[in-house]
Amino acid sequence: MNGLLVLFDLVLLAGIVGVAWRCLASTDLFRAVVLFITFGLLLALAWVRLEAPDIALAEAAIGAGITGALLLVTLERLRSIMAERRSGRPHSPPPDPTGPHALLRALHDPLPEHRTFLPALTFALVVGGLLVTALWHQPQSVGLEPVVDAHMDVSGVDHPITAVLLNFRAYDTFLELAIVLIALLGAWSLGRHDLIPARPAPGPILPGTLRLLVPVAVVTGVYVLWAGSHAPGGAFQAGAILGAAGILLVLARPRQLPMAPGGPLRLGISAGVALFLLVGLYGLAAGHGFLGYAEAWAYPLIILIEVAATLSIALTLVALFVAGRPAGDDA
Amino acid sequence: MSPPGAEWLPAGIAGLVGLSLAVAVLATAWPRQAHRIGLLGALAVTAWVLVLSAVFLNAGPDPETAATRVALGGWEAPLGLMLHLDGLSVTLLVLTAVVGLATSLYSLGYVHDRIERRQFWPLWLWLWAGLNMLFLSGDAFNLYITLEVVSLSAVALVAFTGTAAAVSGAVRYLLVNILGSLSFLMGVVLLFGEHGVLDLVLLEARTEAGPTERMAAVLMTAGLMLKAALFPLHVWLAPAHGSAPAPVSAVLSGLVVTGSFYLILRLWLGVFAPLATPAFGILVGLLGVGALVWGSLQALRAGRLKSIVAYSTVAQFGYLLVAFPLMLVDPGTWRVVVFFTVVHALAKASVFLAAGTLQHAAGHDRLADLGDVLRARPRMVFALGLAGVSLMGLPFTGGFIAKYLLLEAGLGTVLAGSVIGVLWVLAIAGGGLLAAAYVLRMVAPSFQRGRADAGETVSLWMDWVPLGLATVAALAGLAGTLTLNTLALTPGAP
Amino acid sequence: MNGLLETVAHTLAPGLLYPTGGAILFALGLYGLIRRHHLVLRILALNIMGSGVFMVLLGVAARGEGPPDPVAQALTLTGIVVAVSATAFALALVVHLTRLTGHAVMLPGPPDDDAPVEDISREEHHADGGPADRASSEDRPA
Amino acid sequence: MSVFYLAAALFLLGTILLGLIRVLRGPGSGDRMLAAQLFGTTGVTILLLLSLALEESALVDVALVFALLAVVAAVAFVRQHGLPEPPDTPTHRQHPESTESREPNDDR
């Protein structure tokens, strides 16, 4: 059993490193993206081996649902921009066969010159070697597991990771939500969104798949959110799953994005942060400290924050997939 | 009996975080009123910071007990997160408030387009909140998160004009920031793996000079140097700072870069203090000399006003590196370094704001064609000159006192028998001369004869705020003793 | 013989094996970041570096006998969310840059400091949403 | 019994690594994408087997999420590349894929 586990670990790690290496050595960007999707899948298996099912769940939802689609759509956007520029925009210069325009022809990145090979390799080897040396010298520290365990009964939930995320280190989680929001504000500040490049997909398969899958994804998201208080799961994983369902809907109708009115949309994306902050300020006023809860209220407040955070994360991830700001936001 | 007000400090610290976050969230959710929310918020946050610092100075006369630590949610470290306020963080909070208020007032005039206002204000308020949280954080992982809040909103602010130069500067800036954050995070992970705690005070008590600490120090310092644009990791700075809108450049050069430098200083005064050796100090000092020379030469070569200012940031941060070997000889020098950073931030922000006004009036910022506008706008020339004098370090300005103290420390090193100390003294003195050269380059066209043309009309805010901030920078010399005494209230630091 | 086996078994424990793998991923990502010029590949390289950091963190948390450290896992989750947000924003920037300049590569060498800068405070400047219509006049080689 | 589950998981992991050849060599985008989709299915099976072998019931949730969301990338792909078309239509992808597989795409 143990020998097999070690063998499994070794094969898995070799696969992860190999896939990452081939991904970064690709000249074809599409191949690099497909390898990156595979990399995410193998990483999820590694998280399972490191007894971190919560992280594996997040990796599954992100890697399979969000990042893969985001990267594929980005490549297609780049390709359609390039095609548009080549096909005779009046002011655009003709493509220069040696210049940077040629580099992006059909999403192709030529291998770099050999000049940087040795310095880069030496640098990476030194950094990696020093890291490994430092890591192998470390003691078997117990970390904070006993401390968290001793406080579980006053945390309001039964799952230690949720307790850390939404009670003991709630400030970090609050700022994490803020970062998702800031990323969206940044993407919105670049301009209005344009159409997602898409080709017709005739036949009953696509609409049929969506009709079946979107409701199942929504149910799964709600289940993962609910499970978070006592088992692996939680707001972010649930938000990512719901976000993936939203991305499916966007992909189904790329030319008719729902015209969300600006006010409610803004409220939706900032609801998670706003509610979290309100609860935190109430805690400060009531004497539990900023972002603190009374012990009896911990469970309902955590659930309330998680629900709002899930909705905001899902909405924000879909908006990040669409990238530009909707026309309704300027009204 | 404790002095009055001390018992309010913890609530005041948490309240400051809550207030700056509330302003940012409100502006995000209600962008139509974002500029009004931003103005009121800027006034409220500034007032709060000033009251907080007054209470702090009144309450903590003893350097050993001056730090106030607040357990968020009531969870003490190592389980929970602690906010940490001491003399160093108070100084930088006040600096942030002054520059932040000036930038906010300036932006009222500068960002006038209805749609751009909606994009600008929420991002700027998040950036300000992130800086406040950075200076108050006492936890290694939380520092990583606050750094990300700061850098993502800063990148978005660089990009939001949507021009080719701004967006390509922003992409570079973003990649550099992510790389710097990951390097920092790897260092945090190493420290956590060795000691099992994240709180900086607890970490400081446990560190010794082992392989983990050395590698973590290298990774975290390199990551922060990348973010602070410290030579030789500075290449991204000029394109990002030089092509951003003026208020954004002011904040980036004045505050964001300073935030990363603050963190380097904080770590080397605390967690990594056992690792500092003379050889390391000399290496850092040589980098500083390189930064001074290279940055100044680029500033003398650049054709655009804002590029000159951006490169002068690289040069001026060379002083901070030169100060490292001096700190090893006389540990108390770090307070002079912080004072220098404060003066630099004030002066640099006002120069960028003045440059923004000139660019607005002329429609460009090419130095060769800027003479007409400069001759017609003596107020701007005065602001540029006043701030520039502070950057050069002429007598009776804040910059003079900072550089004088640095020189004194350098001469002390020479007297203590260090040969290389001569190089540090020469660098500090020579850097001032180079600064004089590029500052004169900026204002020189106004002294030549020629046509005067005020160009586009300029709103009142844009006309007066740069001069106001430059005056504050020049007068900062008067607050030198106060600043140094405040900084002395930092437990653990020499 | 037994001693040797024990040493090997100790070396191959997940708590040491996976941090080593994480360090390799970190170095590999760094190498790719330096070598490749296309921005999408650079973003992938940064993501691989990030995964290396998370692998070290989780591997370190899984060391020892008892259950793994929940704080380390919570930190990883937070880190992953930050990485995803930064990646999405970076990709949006890259698309925008390509629209403006016609390329998505960041070539080495110093950038052009003296390129003209648009001033958003001027009256003639308006954020009219579609960035594409500004693109043609601002085309410049990197 | 858990040894058997583990051995099966190891075998499936090996098939993923073997299938990487298809991703690396292509030649078409469709080939690469289809291989990645297949890895998704294999990954679900590995997760279920590991869940039995390590007695960790939460892994079933992970497998569920993977199975559910694998379709997102597939839909994104189909949406942008269309359904298979004759190679001479103008909407066909303009990758230099045919040259790609022959090229020495290794820089070491």
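Things to note:
Note that the chains take the letters A, B, C and D in the order they are written out, and that residue 1 is the start of every chain.
The criterion applied here is as follows: a residue touches a chain if its C-beta (ideal position, glycine included) is under 8 Å from a C-beta of that chain, and two chains touch if they have at least 3 such contacts.
Nothing here was measured: the structure is a model prediction, and the numbers come from that model.
Any chain touching subunit A that also touches subunit B appears here: C. Of all chain pairs, the one joined by the greatest number of contacting C-beta pairs is A-C. With centres taken as mean C-alpha coordinates, the chain found closest to the middle of all protein C-alpha atoms is C. If each chain is reduced to the centroid of its CA atoms, subunit A and subunit C end up 12 Å from each other.
Taking each chain's centre as the mean of its C-alpha atoms, subunit B lies 48 Å from subunit D.
As a whole-number value, the distance joining the C-alpha centres of subunit A and subunit D reads 19 Å. Mean C-alpha position of subunit C lies 23 Å from that of subunit D. Of all residues in subunit D, those touching 2 or more other chains are 107, listed in ascending order.
Residue positions of subunit B touching 2 or more other chains, listed in rising order: 115, 119, 141, 145, 148, 152, 155-156, 159, 162, 167, 186, 190, 192-193, 196.
Counting only residues that touch two or more partner chains, subunit C has 19, 26, 35, 56, 60, 63, 69, 71-72, 75, 78, 82, 85-86, 89, 93-94, 96, 127, 129, 131, 139, 142. Chains that are in contact with each other form these pairs: A-B, A-C, A-D, B-C. Interface residues of subunit B, counted against subunit A in their complex, comprise 11, 14-15, 17-18, 21-22, 24-25, 28-31, 70-75, 78-81, 115, 118-120, 122-123, 126, 133, 141-142, 145-146, 148-149, 152-153, 155-156, 159-160, 162, 167, 186, 190, 192-197, 210-212, 214-216, 218.
Within the complex formed with subunit A, the subunit D residues making contact are 2-3, 6-7, 9-10, 13-14, 16-17, 20, 23-24, 26, 29, 32-33, 35-36, 39-40, 43, 46-47, 50, 54, 56, 58-59, 61-62, 64-66, 68-73, 75-83, 91, 93-97, 100, 103, 105-107.
Chain contact summary for the complex, subunit A toward subunit C: residues 2, 6, 9-10, 13, 16-17, 20-21, 23-26, 29, 32-33, 36, 39, 43, 46-47, 49-52, 54-55, 58-59, 62, 66-67, 70-71, 74-75, 77-78, 81-82, 85, 89-93, 99-101, 103-104, 109, 112, 116-117, 119-121, 123-125, 127-128, 131-132, 135-136, 138, 140-145, 148, 160-161, 163-165, 168-169, 172-173, 176, 179-180, 182-184, 186-187, 190-192, 194, 234, 236, 317, 320-321, 323-324, 327, 330. Taken in their complex, subunit C has these residues touching subunit A: 9, 12, 14-21, 23-32, 34-38, 40-41, 44-45, 47-48, 51, 54-56, 58-64, 66-78, 80-82, 84-89, 91-96, 98-99, 102-105, 107-108, 127, 129-132, 136-137, 139, 141-142. The touching residues of subunit A, when paired with subunit B in their complex, are 130-131, 133-135, 137-139, 141-144, 147-148, 151, 167-172, 175-176, 178-179, 181-183, 185-186, 188-191, 262, 266-267, 269-270, 273-274, 277, 280-281, 283-284, 288-293, 329-330.
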